[in-house]
Amino acid sequence: MRPSGRAPDQMRAISIETGFTRHAEGSALISFGETRVLVTASLEERVPPFLRGKGKGWVTAEYGMLPRATHTRGSREAAKGKQSGRTQEIQRLIGRSLRAVTDLTLLGERQITLDCDVIQADGGTRTAAISGAWVALRLAVDKLIASGDITEDPILAQVGAISCGIHEGNAVLDLDYIEDSNAHADANFVLTGDGRIAEVQATAEGATFDEEALLRLLRLARIGCGEIFAAQRKATGR
Amino acid sequence: MRPSGRAPDQMRAISIETGFTRHAEGSALISFGETRVLVTASLEERVPPFLRGKGKGWVTAEYGMLPRATHTRGSREAAKGKQSGRTQEIQRLIGRSLRAVTDLTLLGERQITLDCDVIQADGGTRTAAISGAWVALRLAVDKLIASGDITEDPILAQVGAISCGIHEGNAVLDLDYIEDSNAHADANFVLTGDGRIAEVQATAEGATFDEEALLRLLRLARIGCGEIFAAQRKATGR
Amino acid sequence: MRPSGRAPDQMRAISIETGFTRHAEGSALISFGETRVLVTASLEERVPPFLRGKGKGWVTAEYGMLPRATHTRGSREAAKGKQSGRTQEIQRLIGRSLRAVTDLTLLGERQITLDCDVIQADGGTRTAAISGAWVALRLAVDKLIASGDITEDPILAQVGAISCGIHEGNAVLDLDYIEDSNAHADANFVLTGDGRIAEVQATAEGATFDEEALLRLLRLARIGCGEIFAAQRKATGR
Amino acid sequence: MRPSGRAPDQMRAISIETGFTRHAEGSALISFGETRVLVTASLEERVPPFLRGKGKGWVTAEYGMLPRATHTRGSREAAKGKQSGRTQEIQRLIGRSLRAVTDLTLLGERQITLDCDVIQADGGTRTAAISGAWVALRLAVDKLIASGDITEDPILAQVGAISCGIHEGNAVLDLDYIEDSNAHADANFVLTGDGRIAEVQATAEGATFDEEALLRLLRLARIGCGEIFAAQRKATGR
Amino acid sequence: MRPSGRAPDQMRAISIETGFTRHAEGSALISFGETRVLVTASLEERVPPFLRGKGKGWVTAEYGMLPRATHTRGSREAAKGKQSGRTQEIQRLIGRSLRAVTDLTLLGERQITLDCDVIQADGGTRTAAISGAWVALRLAVDKLIASGDITEDPILAQVGAISCGIHEGNAVLDLDYIEDSNAHADANFVLTGDGRIAEVQATAEGATFDEEALLRLLRLARIGCGEIFAAQRKATGR
Amino acid sequence: MRPSGRAPDQMRAISIETGFTRHAEGSALISFGETRVLVTASLEERVPPFLRGKGKGWVTAEYGMLPRATHTRGSREAAKGKQSGRTQEIQRLIGRSLRAVTDLTLLGERQITLDCDVIQADGGTRTAAISGAWVALRLAVDKLIASGDITEDPILAQVGAISCGIHEGNAVLDLDYIEDSNAHADANFVLTGDGRIAEVQATAEGATFDEEALLRLLRLARIGCGEIFAAQRKATGR
């Protein structure tokens, strides 16, 4: 049995609230059960130096966690004066995942930054962040299309992400904090709405795994991302 | 006329939602109009080095702003690698304001940290933070009292804060972002529930002011803090 | 009785020595009793990025304390790799205070930086810094007028600052270190030569205060600033 | 055709030179073609704070690149004052990979740090680093066994790593720099000597991929790691 | 002719004012012409970690320059967040120079820190700092002897320092800023009161030099240090 | 007797291997006995801001030590977030030494950076770095001459460096780590192929020294540099 009583292939409740903040070009407050991440999309009419004058845009992400998002208070990265390796790893993953479904040439010379701030953490914050970031990006791009700034949609597909793992010998979907702390293997899958893979990160935590286990986790991820894609479509009216 | 159409002595709508996050010993999402600050109180059974073994506790605060809390995206302090002077000034003010109404000896050798994170900014974030921090602190201390860890209430009074300013020649209460940007003088008052002053910070912005103006602003602050105190009592059931 | 034997409304001896250093466009070594601050004004024919091309100048300040200015040695901020929150708060205050009496348009597109370095500390370093910075600024601007670079005086008034506080129940003027450490309330007033207020920062330290106390402290500050203004005029020959 | 003329499942020449430096408890200079990484294993009889008194050891890694390891000089991280997100991501991966095959309890309360410094880079530096780190770790542990400090071997299996990718539509093994720059998908596999998986990191670079492609890359990785394991055995005399 | 009109072997006027600040255990304001450095000696009854429990003390130094000590304002190291390589080089030199004449065992387990802050710079700041630091150290140690904390004098000799250089083909003593900027070779000598050498740092600046030139510079340094030693004795009453 | 059994004026074996890395415009792996330093010369067709448009080039150096180059592992400077004072001092020395024999005008508006990374340390790393850097610089400049980018050779002379010291009362050449740790005085000489001096850094370590000792050390250095110059000529085919 899972600590939460969920079936092995059962996601936690997903909810996506758009427009949680006013100023951003797109925003979403996404929850996977008790995990809650606020994502905002900020549009700037400039690109990073390495892209200037190339007729292409850029999509990037930053990730943060409020100090008391977690069970015990963590220190504030701004006060410590640097972002942890984990934070940097996650924000690089979020950016790559969104760029995997974006045609940067169609976006034009502009940058969209997805800020993913974890309000409450209970496992799976990076996958919730990616899934919510797609919604915020979608909303921001929809505004660019509505205003005529962009004529052809640069977003090629939906993208969602979910964690799976081997917990007490069983492959389970959408690990919460307790499962995540005890899993023998832990995998994050970033999948696209058309059934393809944008990223796989599977890690042994205490016990290595075999090819069959990897495939079983991928199958669970497909189930989970199906639900995420539905929630994204509902939230964005697509 | 004020840009918002409010009367000179009219506050924006105040709302305080407690329990917005689960893990913290106390939490409050406070809004002054469109300004929204999430405050969590985190209890730790240890004190900073300078207080060890003195039988006294500590109350402190940290302040942050989500990058897109503002009209245009600001850079993330964790990514820049340091907190701005403004951030440090504000978090020092919040900590002092709460300590002004706390008997640290009655609190015992424990520390309560108030994390004040601005979700959305429209002027007055520091005063909303102080006002919400009192609620989160109150809730955390109530738990300590309920559990018997503390026998005598260390919170001596309510504390609230509000900004006032001289805008187009008029003294006005609770400046929003537009007013704040154009005010000739800008004052933050931290007042206590029993009518006393914990802090005054009044600053000329473009034009110096006289004693009469200072007193007029203080009188407006008393009106505003009255409303804040009522909202705090309602939120904490006191 | 005050530890120093002074009357409640009695300042410490003020002295201002101009020309203490050679290279600066203006310099002053100011003493409030044992507190001694060296201020230099440095003129640069450029403005910060946010002001470029706007036809306005800028006045700013930096503050530092020599490691052994204090009773026990403090660590060197350059060695620690960052300025404390206190340092940043003070240097922002000094800059604001001087800008409050400067017409930046008359100054033209140039920047004057006031470096305030505390040689010896015995309470009131920030108020001595502001008072001395006005002298250094005055001298630097006088050179610009003498050379014809500026035709109309951009300095609109004198500005001086003094701390007052409630010490053992009494309102007293110009706190020294011993009083400052024990004061129940502590206020810094920045006043102008024409009787107006540029900044008030009044803080409860252990005990909140009432409106009457605030006004009593302001009245003491007027007495103290009167002496400071006289010393400034003498030092600058005005 | 691959730019190097290699067959799709052909590795570059692997060489492992042990004892390249004297002071380290274990060291290896590993080459995958023109990619060359120096790895040293340093033993310390202490563990990080979070493990103290738990009777367990720790294996960790640090990664660096000499500024001119690359085609054009990169800036020195020590001079910039921080490690890039990429560096941190890689060193975390190396540490996890080695811990996946180490019984930390058998290691006892001691720490082994693997320093992986890239002398020359031509793609695949992280996989060469992991493969060489196993050799350095093996040598350091052999010394502990020889001296009687450890009685039972804490290293449970060999671990090796290799990158594969989709280059011009073909799945290819052991990407060099030119292929890496142009690959549509890029995967790093960390495999163990007994045929299991320690880590998979597969990333779309410009084009997403499907499950079949993932499996094809994994199959190539098994071929490559077979060669790496043989080279490791030869280098360590096992 | 030298720009200052001095003879090749002529020092600038030396002055040493002791007791310039009150709190330090020893202090000296030393001038070599227009170069002026404030040195304080701070005594702490503890030693750095590497010396704990070894029955030996430590003498160390820190060096800083006020931003407007120079002809044009330099940036404040505390604001930049790090000390320059030059600053670190100089403070390491000062510390070594004083330790060269101190018996650390006789000093006992205590640390004396010499803070050398340049109030005004006109060439030779490091040599003035060393020469003044000896005075501050002497005064601090004299107090320890007077109080009976130390019974045998740990200061073995005087130490002084002076710069010499090849300027327009001539060996000259005590370079001022103009000479320093144009010298072909520049040497700093740290000499002891008993005629020995503690440190030589001779550097080609644009033109290498020969052994004869090195010796000529050393001979000038002996002349200069003779004057410094006399001034030190006068200042300390020895 | 020296710990290594060497005669007082006997160098350790010198070896210089050019072309150790491929990408750099020049590279050399230099050994002084067990001390081994990898030097690469990187050419960039740009100069630092202070030289722009002046028709002159720049030669600079950076220095680093692999964490386990030493007997016990040192911490990685990139991980600590700053270069030590020692590192900065050494890299400044290397840069100055090479500029002392380079005509920057003949070099033209380009920069050559010498990266000196210590692979293994056994005393004398800075002198090996300087001696090897000359080789890497020579090779890089030879390419510029061969390609016709430079017509007249900007390298005016060879430059080499060696440490000497007073060890157990004797002046000895080329200190290894054991001698360096126990030397009473330690001097680094940077000499040119035409018999002149580029830099002398002689430091008392525990005992001051006299002029005669300085000259004896210089004479030893001339012997050592003779060998270094021969090895450099052999390595560069000059």
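Letters are used for the chains, namely A, B, C, D, E and F, taken in the order the chains are written, and counting of residues starts over at 1 for each.
Definition applied: a residue touches a chain if its C-beta (ideal position, glycine included) is under 8 Å from a C-beta of that chain, and two chains touch if they have at least 3 such contacts.
All values reported here derive from a predicted model rather than from experimental measurement.
Peer 1: Hop distance check: chain D to chain F, minimum number of steps through touching chains?
Peer 2: 1
Peer 1: If you apply the touch rule, which chains end up adjacent to both chain C and chain F?
Peer 2: E
Peer 1: Measuring from the mean C-alpha position of chain B to the mean C-alpha position of chain D, what distance in angstrom results?
Peer 2: Their C-alpha centroids are separated by 51 Å.
Peer 1: Averaging only over C-alpha atoms, locate the centres of chain C and chain E and give their separation in whole Å.
Peer 2: 33
Peer 1: Between chain B and chain F, what distance separates the C-alpha centroids? Give it in angstrom.
Peer 2: 59
Peer 1: Could you pull out the residues of chain E that touch at least 2 other chains?
Peer 2: Touching at least two other chains: 81-82.
Peer 1: If we trace the ring from chain A over to chain B and keep going, which chains do we hit, in order?
Peer 2: Once chain A is placed first and chain B next, the ring gives A, B, C, E, F, D.
Peer 1: Sort out for me which residues of chain C touch chain E in the complex.
Peer 2: 21-24, 27, 34, 38, 40, 42, 44, 62, 64, 66-73, 76-79, 81-83, 87, 113, 115, 117, 119-120
Peer 1: In their complex, what parts of chain A are in touch with chain D?
Peer 2: Answer in residue numbers: 82, 85-86, 88-89, 91-92, 96, 100-101, 157, 187, 192, 195-204, 208-211, 213-215, 218.
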